[in-house]
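For clarity, chains are labelled A, B and C in written order, and residue numbers in each chain start from 1.
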Amino acid sequence: MKYVARRLLQAALLLLVVSMLSFLFSTLAPGDYYSELRLDPRVSAETIAGLRAQYGLDRPLPARYAAWLASAARGDFGYSLTYHGPVGPLLRERLRATLLLTVTATLLAWLLAIPVGIWNATQRGTWRDGAVRLLLALLLSVPDLLLAIGFLVLAVQTGWFPPGGMKSPGWDSLGSMARARDIAWHMALPVAVLVLGMLPVLVRHVRASMAEALDAPFAWNARAQGIPRLRLLFRHLMPAALNPLISLLGFSLGTLLSASLLIEVLMGWPGLGPLFLEAIMARDFGVVLGVVMMSTTFLAAGNLVADLLLYRADPRIRVR
Amino acid sequence: MNGEQRHGIGWTVGFLALFHGVVLLAGFLAPYHFAEQHRDLAYAPPTRIHFFDQYGHFHWRPRVTRLTQDLSTGGYREDPLQVYPIRFFVPVKPGDAAGLLPLRRRLFGVAEPGEIFLWGSDGYGRDVFSRVLYGGQVSLLTGLAAAFLSLALGLLLGTAAGFWGGFADQILMRTGELFLALPWLYLLLAARALLPLHIETAQAFLLLVAIIGTVGWVRPARLIRGIVLSGKERGFVLAARGFGASSAYLIRRHILPLTFGVVLTQATVLIPQYILAEVTLSFLGLGVAEPVPSWGNMLAEARQYHSLVAHAWMLAPGLATVPVLIGYLRVADALMEKTAE
Amino acid sequence: MSTDPPIDAPLLRICGLTKTYEKRHTPALGDVNLALGRGRILGLVGPSGSGKSTLARCLTLFEEPTAGEIWFEGRDLCRLSQRERRLMRAQIQIIFQEPASTLNPRFTAAEIVAEPLLIQKRGNPSEQRESAIRMMEMVGLAREAAGRRAHQFSGGQRQRLAIARALILDPKLLILDESFSGLDAALEVQITGLLQELRQRLGLTMILISHDLSLAAELADEIAVMANGALVEQAATAELLARPRHPSTRALLEATLALSWRPS
């Protein structure tokens, strides 16, 4: 229990420090939302000053941070000047879109990686092993960017998939089944790219830990005792192979928000990625801070989950 | 690593060296300056090289035919009456030398108004082949320089933390955690975008290297710290201390050599990552800007998906990354297997 | 303030040496008094944890004693400046347990043996190398082996390298801390022979630390027994073996006789 409490405290502290630093850096950035406006000769200096005062942009730094922190604790992340609305709901909406992609992709990737990795581990040394490894290495070497562009070209040429976006026009008028199908249809390509991107690393790790388990003395022992293969696999080998994979799981969880940034931007998926990019370009720091805190939280949570699971699996490990 | 494996890696390393060499020699190997436009030949397909003329006669010197607009198809067709032989060791036009290592001659070219677009041309009629070479200089150099920076920082900080421990070590570890708290790409974007968005090329390049390199110091630093921690307890370090060696001597003579293996492996892991980082940032408009090419901003041009099939050569910069990445990945794998033995 | 001590004065005189570690109740060294004459070999024996290694570390300036004095050549080692310490290190050398691990496997033999000269900045590189090679020959290693890397030598040869390195600064006192554990009998004989030869040629004073009484007895002129941080008995070897007075000494003696028989 003490360990859990300590780790939770550390994670909370980390988030706090990150929030402080992000706030600090965002204020240091040259220009704010009104920099562009200032260039317009028709807008007077007083108007700008007034606007800034209205949104509290002229108060001293610690005061602004404290104010932000207080409202963030209440769930109010401020107001977005670019999107003309409160930041909170905007973030939530985009978060849902991103998670839809990444959770699906992560699940699929793991579901594929585990059998492939296990099978691969049992095929060590054969030509099949080499072929699969080569294929995966190739996959690893193709940047997501290229893959996404390639898929989009495919989409445009064949018309099998939409060339980006999340919903077809007129989505609102569809029935709920049709709506879900439409989104799934739009999801297909981004998820495919994500899965292909995640697969090589996952398979490699699964194969490695499976191979280690296969080589372990207890595995030899079990095989010598004549335990049938499937039972050997599920009851003996997999639990042993699981430990190193827990950290990987934590990593997968932690990157649920950030893995899809590029793909969302490329394929016009309205998630946190494009939001982040646009907000940064527009110097809309309410949004930027919100996204930063969200992704940091996810990453910290992922690490925490991994640490706690590891701790539970083997209390001797003080993961540090 | 047995002899056979070492042999295999030798090929890969050789290939990588060759690739880098070719890119370095863009000034010689590229027929055109990267910004030279041929507006009347936008999206021209790769130039066909002919050894036989229209009458079926063979010529030793290959030639190209000029393209003209084909009004019926909207594309281009060859005009067999306008033939230009390929010349070699063509002198560079004044003011045309560019990139790293500008030389005074180009390997090949054709007399104007002929053109030789080995890999076609882009929307402004610029030679894609030349731009991929020059762009490679930017992308590869950024990757290499940023990796160097990360490793230098990691070496410096990791050694300090591992050797002297205590307070410095604690600060280092905590700071490292902060850097790792944000997903890498987010950190890069945030760092880049916090700085002025429109800066000129030379500064943009340095900025890119500085950001990418600085953001990635943590992992190398931790690895090196670990090595230094265990290294300073080794018998020969204690013995040297017994002879009155100073800390500087111990670090220099005994401890740093222990880190070389890790540094090399990390280099092969970081370089491809950083090349991709440059490509991504430039693609998003946060890196090197027109007209200086980088594989990233060239790919941004390729976003016209509807016409991409007709202009498939626009993907060349993306395809160029694949062999580089494969090469580095294989070397990294080989090195990691070697250190695991 | 170093006055040259008279020739027959002891080389080393330890007075009331005490070392306590913060978290432990009993001191690692408690009021140890010891004197060692020039050219003598002292065997320091006792069970593990009796303080032998702590004493060695204090002598070689790896540790600061809590109290007491160590008089060496008319200077108190405990009250030296940084610079003086560095110079003094040349005078007292130590060979650790498992000397092989104290050799950097990537260094060549010549580099290893010459390293102290490099650290203490004596001579130019070629002089240093020459000295190293001469010292290698003195301990029985071939000149041609100078360029070979440490990991290419056998265990016994690495022992010799460690000894050569320890001697290159021409120390007055050589401490061997359990340097013989892990050596097979044949090697042990070789190395003890080498040490005796060196003592003859160079007039070395030595302290031999061991938990094995019989080993110490072979080489040492006198033996000091330690138990629980205190020096409980010190006498000439023959005297100690024939008439052990302290119970710890007797216990050691019994253990030795029970375990091994050595041809004298």
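Just so it is clear, contacts are C-beta pairs under 8 Å (C-beta built on N, C-alpha and C of every residue); 3 or more make two chains touch, one makes a residue touch a chain.
Everything numeric in this text was worked out from a predicted model, so none of it was measured.
> Look at all chain centres (mean of CA atoms) and spot the one farthest from the centre of subunit A.
Taking each chain's C-alpha mean as its centre, the farthest from subunit A is C.
> Name the most central chain, where centre means the mean of Cα atoms.
Central chain is B.
> Can you work out the whole-Å distance between the CA centroids of subunit B and subunit C?
The computed centroid separation for subunit B versus subunit C comes out at 57 Å.
> Just the number, please: Cα centre separation of subunit A and subunit B in whole Å.
Once rounded, the distance between the two centres reads 27 Å.
> Quick one: subunit A and subunit C, Cα centre-to-centre, how many Å?
61
> Can you check the complex and tell me which residues of subunit A touch subunit B?
Going through subunit A, the ones touching subunit B are 14, 17-18, 21-22, 25-26, 28-30, 137-138, 140-143, 145-146, 149-150, 152-153, 155-157, 163, 254-255, 257-259, 261-262, 265, 276-277, 280-281, 288, 291-292, 295-296, 299-300.
> Contact residues on subunit C for subunit B in the complex?
Residues in contact with subunit B: 60, 62, 85-87, 89-90, 93-94, 96, 98, 101-104, 106-107, 115-116, 119-120, 165, 169.
> Quick check on the complex: what are the subunit B residues that touch subunit C?
The contact residues of subunit B facing subunit C are 234-236, 238-245, 249, 254, 257.
> Which of the residues in subunit B come into contact with subunit A in the complex?
For this pair, the touching residues of subunit B are 177-178, 181-186, 189-190, 193-197, 276, 279-280, 283-284, 299, 302-303, 305-306, 308-309, 315, 318-319, 321-323, 325-326, 329-330, 333.
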